[in-house]
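As structure tokens, the structure follows; a few thoughts come after it.
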């Protein structure tokens, strides 16, 4: 089932055309890798999908409805959720508070104005948050402010928040950049275990990861889709090797 | 060239580095490896004078810099490629490069940096904050080179770069090394670190738990010190 | 800021039994600060002259700074009433302050002698048994010049006044009298209080056919208006007239020669020739080494009224109604001329003077050109 | 028609006066990011020092024009070094409180020294004449101010766009630590700019007081006016401040001419309209994030 | 914060007992503090929790004050009616101003709120017929509650203290609720909150209107208290004063603005009695606070508490940091 349909999308900044006629469909449950040289327009493309930027031309459909003009918060509520390439967290708040805000949103706005039904509503939120923190090994540090974490640790929070939202399509922008090998392994493991019906799009420059996870690859080059095919084809594609992989060996 | 002895660093109450020592010979490259949150960036920042409370000895070229201000440390020839790039968003690419350019006589100029990274030459009039992640990383490297340092601190310079660019940056670092620049490199990309570094340190919770020449850093060491369980 | 005369004797003054406490709410900060200071200086000069004593009782003066803020004044008044237990209240420069405290004073039956605030309503619609005013009303200031302007300036006048209640009251009193005399108002303009550039207004005025401009401005507004009036070349063509504050004693030095030729209406002037005034000016200059202003005179007179009230009561000020009765009967020869209260309105009946500013020995002086006797506010 | 031209000249000269009052604030807030509520106080001190010099010591306006800004510069230096420096890591709200406190302190100190009477400074003889233009007399001094405004604007524009300082400050604002690590003594740069802001405030005080006079509370009036001009022009742009000064000058002048009863409303109405239309002021820079 | 009920009981008792122990002047002072504390609390919703620094809050205070006064003069002095009218007017005003102010951020927000409040000011100033213009509005009848005219300051104090406690409790619930958490999130990183799916515009707007409504409440209380309204209550200096109260008390905390209001009122009253150089002293105090107690009176309070208890706000956090360190 097609969950996302991108139709001839263009994006330009001033005179600069960053994305040119990008079109493709995404089916539910697909794991898609997005690669391309630096500055190819990958992040910009994610920005268009989430509504952080609006396209100069073209249309985006999600589950059949046209969402091109929708603001980002509406799209997030539809389940289009992203992580950021550059950490974008609530620095002055604790890890727990960051997470609570996400969970609170997920469970709807019903009781958000007053906490009169504190026990019922809050207890549920808290126990869910604490469970999550536990699985991420952050329970002990849940009251530490995010700004006091190391860079790699913040990257982890970034991903945790994305997954905690229970999205229907999750856009990960270089999730493991800045993470050490062991943390990377952990994240990859976690991503493989995500529910089947969840759709994933991942931008990554770590080829091991991307080829390990993706069932389908989209190569962006200079603002257009160079290839949209299986990982095997992409791996052996001479042009991809030339513009993107260089001499780097692939395990 | 760089000599760190018994370095302690603190953020407020928390004690992060516990008597760390390391050494980089003139013209060599040393790599610091370690899992997230082990104190790599803190080490770099302590050398650069960016941690408020630090104790011990940090000697560059025989000067003890432990209590110097960071701008003086920079003027003494220490360059920094920071983690997370930290490009000035409201400056154009060109301004990012030129504003802090110093010691022009030492050889690095805007043109040469543009030659290294043609991609940022194309973007030279864009605002730094509008660049893509990888472009910013290149810019951060270029910016540091243009301060014409004799000691360069690189904190995860390959982050966000495409594999092709990782290769190119490795080549650039080698080239800098050939020109006699001493370097201290923090990396998560072990392959790259192995390829470039002469010497390797592994940090764990603010202490050096392994040190040795690059070729002694093998699978076993990696398993022992960098796996999740440690 | 407690002031009291017994500092020389070294006696404690805070004991309320053998002293009479007078509270004064005056602005010592903000735009009206200099007025507050002069009022205070005038009062102290008089109290000093009677040795801070009346009918054998010590007088204690408690001054509170109201800034230009009515709320602040209300807070201070409550403090004076509840904390210091003052017997009589005086002061208030800004009319808004007087209105603000009016109900508080009235319901607490505290005798209050308004010594500057000139809003008409204080002795008209807002009149209270316990409030008497020794200074002036806006009507007195504006009205007194209407006939004179028609006779001496011409039959077309432009009115420019600062946009606040007092400015509007004064100018409308003027317009009423001027039109009654047969003159025509060819234009009105009300620049905001604290307006710093009058160029635009002056250009409009010079474009009109007016023979004169009646201006109500005070303080820094007056300085700027008068200076710019000259700079933009209006002085040669059009007469400038207004209230005494346009060329008041403390402004003329700042204004400089631009003030020359202005006509102004006031109830007192430094150069008034009478015995009382001579005495007052001499004493004031000896004490403070500067010229008194009209506010100094107001303070001086207010202090005198208070002292005479206390004396006629033989020092017993415990009954507010008696205090009021005694106060209303005070009559004397003031430096401004004969002084008496209108029993009906609780407002002073006094002479008004039309002054002309002239150059004398390189500086400007005011000269009385006309005296209008016993001007009495209509009280409604 | 002649009235219109005359009003136009009035507006232009008033606008330039506004620019002279605002440019110091524009520099310190728009460029340095410090909301200096004591700007009006520095302006006031400039005026009072100039008053003392013109009336007591040398009687020369020209001496005052040089000395008063320097006195203010020293005060600015002391403020920056001892107090303001502490607040850079604390953020804008602390600076608001600090500079507001300073404004209070300066208010009483000047009252203590110079009293609370209304004072004024004479226009220097050289510039005291009048000129006839468009059938209307204009004070020469007003016309000179137009020139002064243009010269100051040009100088600031040069500093911001043609020297490295502008870029260094913008960089320092977004990441002080990093600009330090790249070899720039950002503290010194900040001090220098703040002192320059002080000099401009003092200069404004001397130049404006023959027109505006010296009176209690003058600093708050000036401050509000300057803030309005600044925000209409947009932060971080000298050209914006300049445009806004002229615009406000003209609007106020014509507003007083055409709708005198609305004059209090007009300037704030203009500001609201411009901000709703352009949320970063007329020429303000859109801040690029990370 | 161990037992909220105990705390409120103690405060209630203190309020109830106050008139028996302190002079009527001090009751006046206390009443004024409570009114201004409500005002400061209302601004704090914007400044402290949502991170929107407004310099136009006097508009709502003034609107509340004038509408209460005008209603009392022309319609009815019944407190329920005047209060309702005042709140309604300020909500409408905040609703309108908010629509525009939501478009801008940071300093521009500060200046836009200033602009709107100054426009309200000039409207009030020039509508002499209704508001008394520069003379202020006087002759306002005393408030009537359920047919009972509040006879003196002590009873008024009780009414206001009760209202204060209710509003304080209500506000505490709101800022501690998920809604309040979202406001804090907006303060920290609005962009991220949008990505999480929050319509931040709506939240900010709601915060603005709530804040305006509470500002109106405090304004109308001020009218009951003074029986007089001056246009300076709508002037920007009033907005400045309340902002200072919030900052000096400790923005983003509940008790901070209350302490700030108390401190400013007390200082102004005490200092002005001894010297007319009160601005010098007050200004110096502001400066000292910034340099030595940057988190305001609340920060001092926190310091003392933590020194007593030898632990921090989040004991866990400290513990963890130590654990990692060793």
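So that you can tell them apart, the chains are marked A, B, C, D and E in the order they are listed, and the count of residues begins at 1 in each.
As a working rule, contacts are C-beta pairs under 8 Å (C-beta built on N, C-alpha and C of every residue); 3 or more make two chains touch, one makes a residue touch a chain.
Here the structure is a predicted model, which means the values were calculated and not measured.
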Which of D-E and B-D has more C-beta pairs touching across its chains: D-E
Chain whose Cα centroid lies at the greatest distance from that of subunit B: C
Between subunit B and subunit D, centroid-to-centroid distance (C-alpha), Å: 44
Centre-to-centre distance between subunit C and subunit A (centres being mean Cα positions), rounded to whole Å: 75
Distance from the mean Cα position of subunit B to that of subunit A, given in whole angstrom: 28
Multi-partner residues of subunit D (at least 2 other chains): 107-108, 111, 261, 264, 289-290
Multi-chain contact sites of subunit A, meaning residues that touch two or more partners: 86, 88
For subunit E, residues contacting two or more additional chains: 126, 191, 279, 321
Subunit C-touching residues of subunit E, taken from the complex the two chains share: 23-25, 28, 32, 126, 128, 132-136, 138-139, 226-228, 230-233, 268-269, 272-276, 278-279
Residues of subunit C touching subunit E in the complex: 1, 28-29, 64-65, 68-72, 74-76, 78-79, 82-83, 95-96, 99-100, 102-104, 119, 121, 126, 163-166, 193
Subunit D-touching residues of subunit B, taken from the complex the two chains share: 48-50, 69-71, 73-75, 80, 82, 86, 88-91, 95-96, 98-100, 102, 127-130, 143-144, 147
Subunit D - residues contacting subunit E, complex: 29, 35, 83, 86-87, 90, 92-94, 96-98, 100-109, 111-112, 220, 224, 227-228, 231, 235, 261, 264-265, 268-269, 271-272, 275-276, 279-281, 289
Subunit B to subunit A touching residues, read off their complex: 11, 34-38, 41, 83-84, 119, 123, 126, 130-135, 137-138, 156, 159-168, 188, 190, 222, 226-228
